[in-house]
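Below are two complexes that have subunit A in common, paired first with subunit B and then with subunit C.
Right after this comes the complex of A and B.
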């Protein structure tokens, strides 16, 4: 009996050691250790905490992206939605809302609706997710230029300011927000029927629909979640930055997809976990920080960034061919 | 004729897929100047035999001979060199290329290393003229109707000036004029000394055109004889004649007056104006040749494809479900034919596959209980004799066990109507027996089972009634007393009317 328990425990331990989330985490740890020896100050607690705080924004955008990718789609409108959130929040402020909570909720409803419209296009009009979300991104960018123009808007929202700057118990509020979101995301993904439907939809949409999975409502929900988390990331980035401007969300499109893939989620859908996306997001900001430390010119930084991501993907194993 | 070495022959070939034997010691010899018919039911091994002859597959045992000499490693390239051309049942044309480009594909005439379009046009034109294709050669094949595309496919085979021509159901999509052109052409080619292997479900064509026949039944050769002195009824008997043994559970008459599903003037996909009553407690068979609309009947009832109806009552509720989740709620369950593509999530664990209909119906954000899932999975696995770790991905299972999983996942819901699309295709005998037993037990519990099958013997021995579908309509409903393989096959082929092919 004990022997059986031991072998089951051993099996589980070896499964965790071989899993992609753990592998990505190990790479992050290795990079941190090496970098702290090479560059003085890199390994300081304050610096690492700052990295994770930056990672929180990517992590939030990538939370929705992970849902969408597992469900077999892709959301190319997340960057535009982050910008929408960061610009419309200062505009949506009321005298009768001293804490700023109501305007934050209004913005989150707005970005969720944008996501649901993406879902409607994908599920009902049968537009390919890439085309639908790219068109949405272009549409939103045009709208933002008309509304905000080239000027930056400053947020006068106390709650947003708190999110971006407060450190209860020494931990940045942004990181706390990320931890809370991660807990909800992981629960929904792996412990509810809704999460199981998403995996089924991504692995084989035909079989999923013949098994009774409600395809339309699930698709709407998945893109709605992506709109919501991108909106949340926009609120956080506004708080950290103090100002919102057109283009503030741009870095988060590629970063969110890269974090999802680095975390081991299959870009073909049906396989993956947000538990991998979390270290994936931290790995991305770490690489960016390393490149900044190297003090290269902007052109070389981009080249290094691209090559490193490609190299890491080769290192952590490519997708296996599917039958 | 017997003294001439056959142009192409198989000697005692065997082939198995994933441990299921498909062909067992089959021999066939194609003589020059003879049209040789290959008959057999769906799944008898005809397509596999063709694939062996054309080098697309390698036999597990036995030999392929060309001009009397054994070819140890037959490949498609070698077959082409030997002058063997195959017209496949599934068209192998490229829709965006022109007729001429498709006809010459893979054997374009070259000039200075470039394609010689002038020469290609001339040679393609000659091949097309043989089959009566008079469309402009630059027409993209995608613009042609199915029957014309079939003619392009035949022209493509003739372009290579074959010595052996293999045709897999060439007339299934042809009009009677096109069929006449084809039969005249084959007569002429035969006169030129070409060996022709002709596969068709249309027996009158076979009687008119062929001189020799080989009949396959469950992977073995049951007849290899001259067609002189046989008639259509005799051929049908050769195709279906087999001792069913104790493969099927003992049939017991059922007594039930409750109607599970009743539709009037029901249309969906290929099906037109069908009146059908499915009774609780019966196994209703759906028979017919492949692709007559049977699948659309099931999918339409299940709400997976849009359907129209004058009136419908499903388990006491009037109206069609109109969507899969709704159909599930009404107690309908569907087991698809293509388990890999439609039935299972191959990359996901067996357990997750079994639980999917539950996940689809439970409240979306209710917390899952892994313990209950494991227990449900365990009891399902025990019930259906699915062995091994349920955390393995479903692709690790054999075909038969995959089919059991596709069935098992509906069991916890206790469906009132089970719609099955060819559940025993590519399944070994033992699993077949288990599935049959399960279906009969299910019906005995007062549920309705609708069994679409391409295996005529299982329709005869398992079903209470069989509806035979031809060209989108139910052409005959045979009661238990009138059930026989001959009756089903004749109804499916319209043999009772003796339709003239030409």
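Right after this comes the complex of A and C.
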């Protein structure tokens, strides 16, 4: 619907859209400044660095989610994939693999395959993305309990440990991983034919298909990417936590979708950028940290979190008028 | 003289129209029937009064949330807050019904809360033009938080006679369901109900033809909220107390039931009887797997596979 409304005021609309990431970034900066005046220690470098490190996990999950949402779908299985990654990594460790690199690669291949299966369901079986990924999440949830048996598993993987704890040049390795991933994601999204196809597919699937966009393979790729980044986030969260358990990925489903939408990407597809999702992810962890500072009961914390997201949506997430 | 034939012709039109609307869900009805037979074989008590009562009681809350989700999806909306709303309904019922206002006051509080939450959600989605999926996601935190505030841990009480009436050896759940379906039929005959499909299928066209699109959508959200808190009341009566997170699973199950029932995500496609059949299928599936001795874990796996299969197969036939 938005696609053809745009053509008239296209330039102005795109100018506003381009400013969305900056708007989100401005909100983050404002919240940080206000919070550091109100709460001592909030604005300390170490605390802010910690926030960004937490944001890296959301940011990684939300990277794949941004691709999927721009392509007109949604991935509700990311939380389950994060858990799969964090639980299967310790199980996929071999003696002959001292650095742990091989097992990480094996896990990433596994989660990418899970994503591609989502894509197969969406593209070939024509199951609605929400149902396909929801059913996948249900399926994985059962599988995980069979594999892990409900107990926590400890990672003995040196590379995973390094990712979660090392600080080369004072910057946590997780943040470096996020920056590297962001660079790749932004390049793929905005500077390759593949990126252009995703936007075309999300804006108007019929037109895209008639214009020669290979719908099936693009859909497979998009969900594959989402599986890959969710797997990467699982590796990182395992490194930061030290242990993997069933449910470790649960917070990241809502967080990834919220980060995407707060960053100005339209949930209807075809519009948006990962450049907005990045501050969106940081904004989310900032909100969570602020709510923890307030020291309220779980009920009030939940109400505050929901209200703040709703309030921020009013600032940045509005769909365009229908008529 | 002229009135009689015209009434006759509308009557003659009614059934063919209904039959055509059944085409999409005919295979679903067959699958449901097959599962019903399997269930009857595995559990012969189904045909006794108490077995039937128990069976309809396990289906009832799922049927309500499937209707709650379907009415939104028919208008092109969706709610990810249904589970939280069910929980809120349950805790309100469990804290007010044993109090000074009694069952009537408690039921009124549950109904008003549902209508209020639904109308507020609808207002935000429709009038402020925010995407429904994100609003209801944020809403699920707010509603779930409110449920935790009212009842931080499982507790409260439902008067025993109400539990016996709703969840005892009575067909009360089935009777209620029939009443709700009849009310739905009545609602479809009102101006707002008539606008429902139009608002979902082609909002711009409907708006230009003078259909109260926004009002129909806000009303759909309000009814959806009412059905969700009603399901919560029933769940509380079933367990005899309130639990602030008891509704969580209903969010996904409501979407699954509605989609199994042939309700489209784009609005205006599908029928409420389909959604009810979808919820019945889901409920039967869970019961049959339970009687076949599946572990809860294997149930997850099987449920995921069956949902994809059930949604995908009709798509294949269309191609």
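In the analysis below, the second predicted complex is superposed on the first by the 302 of 323 C-alpha atoms of A that agree within 3 Å, B and C clash if a C-alpha of one lies under 4 Å from a C-alpha of the other, contacts with A are read in each partner's own complex, and residues count from 1 in each chain.
Operating definition for what follows: a contact is a pair of C-beta atoms (placed from the backbone, for glycine too) under 8 Å apart; a residue touches a chain by one contact, two chains touch by 3 or more.
Owing to the predicted nature of the structure, the values given are computational and were not obtained by experimental measurement.
On the superposed subunit A, the positions of subunit B and subunit C overlap enough to count as a clash.
After superposition on the shared chain, subunit A has more residues touched by C, the comparison being subunit B against subunit C. When the two structures are aligned on the shared chain, A:199 is found in touch with subunit B, with no touch to subunit C. In the superposed pair of complexes, A:271 makes contact with subunit B only, with no contact to subunit C. When the two complexes are overlaid on their common chain A, residue A:188 makes contact with subunit B while staying clear of subunit C.
Shared-chain residue A:257: touches subunit C; no touch with subunit B.
When both complexes are overlaid on chain A, the residue A:81 reaches neither subunit B nor subunit C. In the superposition on chain A, contact is made by A:302 with subunit C only, not with subunit B. In the superposition on chain A, A:208 makes contact with subunit B only, while subunit C stays out of contact range. Once chain A of one complex is fitted onto chain A of the other, the partner contacts of A:62 are absent, as it touches neither subunit B nor subunit C.
Mapped onto the common chain A, subunit B and subunit C collide along 92-100, the only clashing stretch among 2-10, 20-28, 38-46 or 92-100.
Shared interface residues of subunit A (contacting subunit B in one complex, subunit C in the other): 322-323.
Per the touch definition, subunit B reaches subunit A in the complex via residues 302, 304, 324-325, 327-328, 334, 336, 340-348, 352, 355-368, 395, 409. Note for the complex: subunit A touches subunit B at residues 187-188, 191-194, 196-197, 199-200, 203-204, 206-214, 221, 270-271, 322-323. Those residues of subunit A that touch subunit C in the shared complex are 74, 121, 125-128, 130-132, 134-143, 145-146, 254, 257-258, 261, 266-268, 297-307, 309-310, 313-314, 317-323. Residues of subunit C touching subunit A in their complex: 124, 128-131, 133-135, 137-149, 152, 203-204, 207, 252, 255-256, 259, 265, 297-305, 307-308, 311-312, 315-316, 319.
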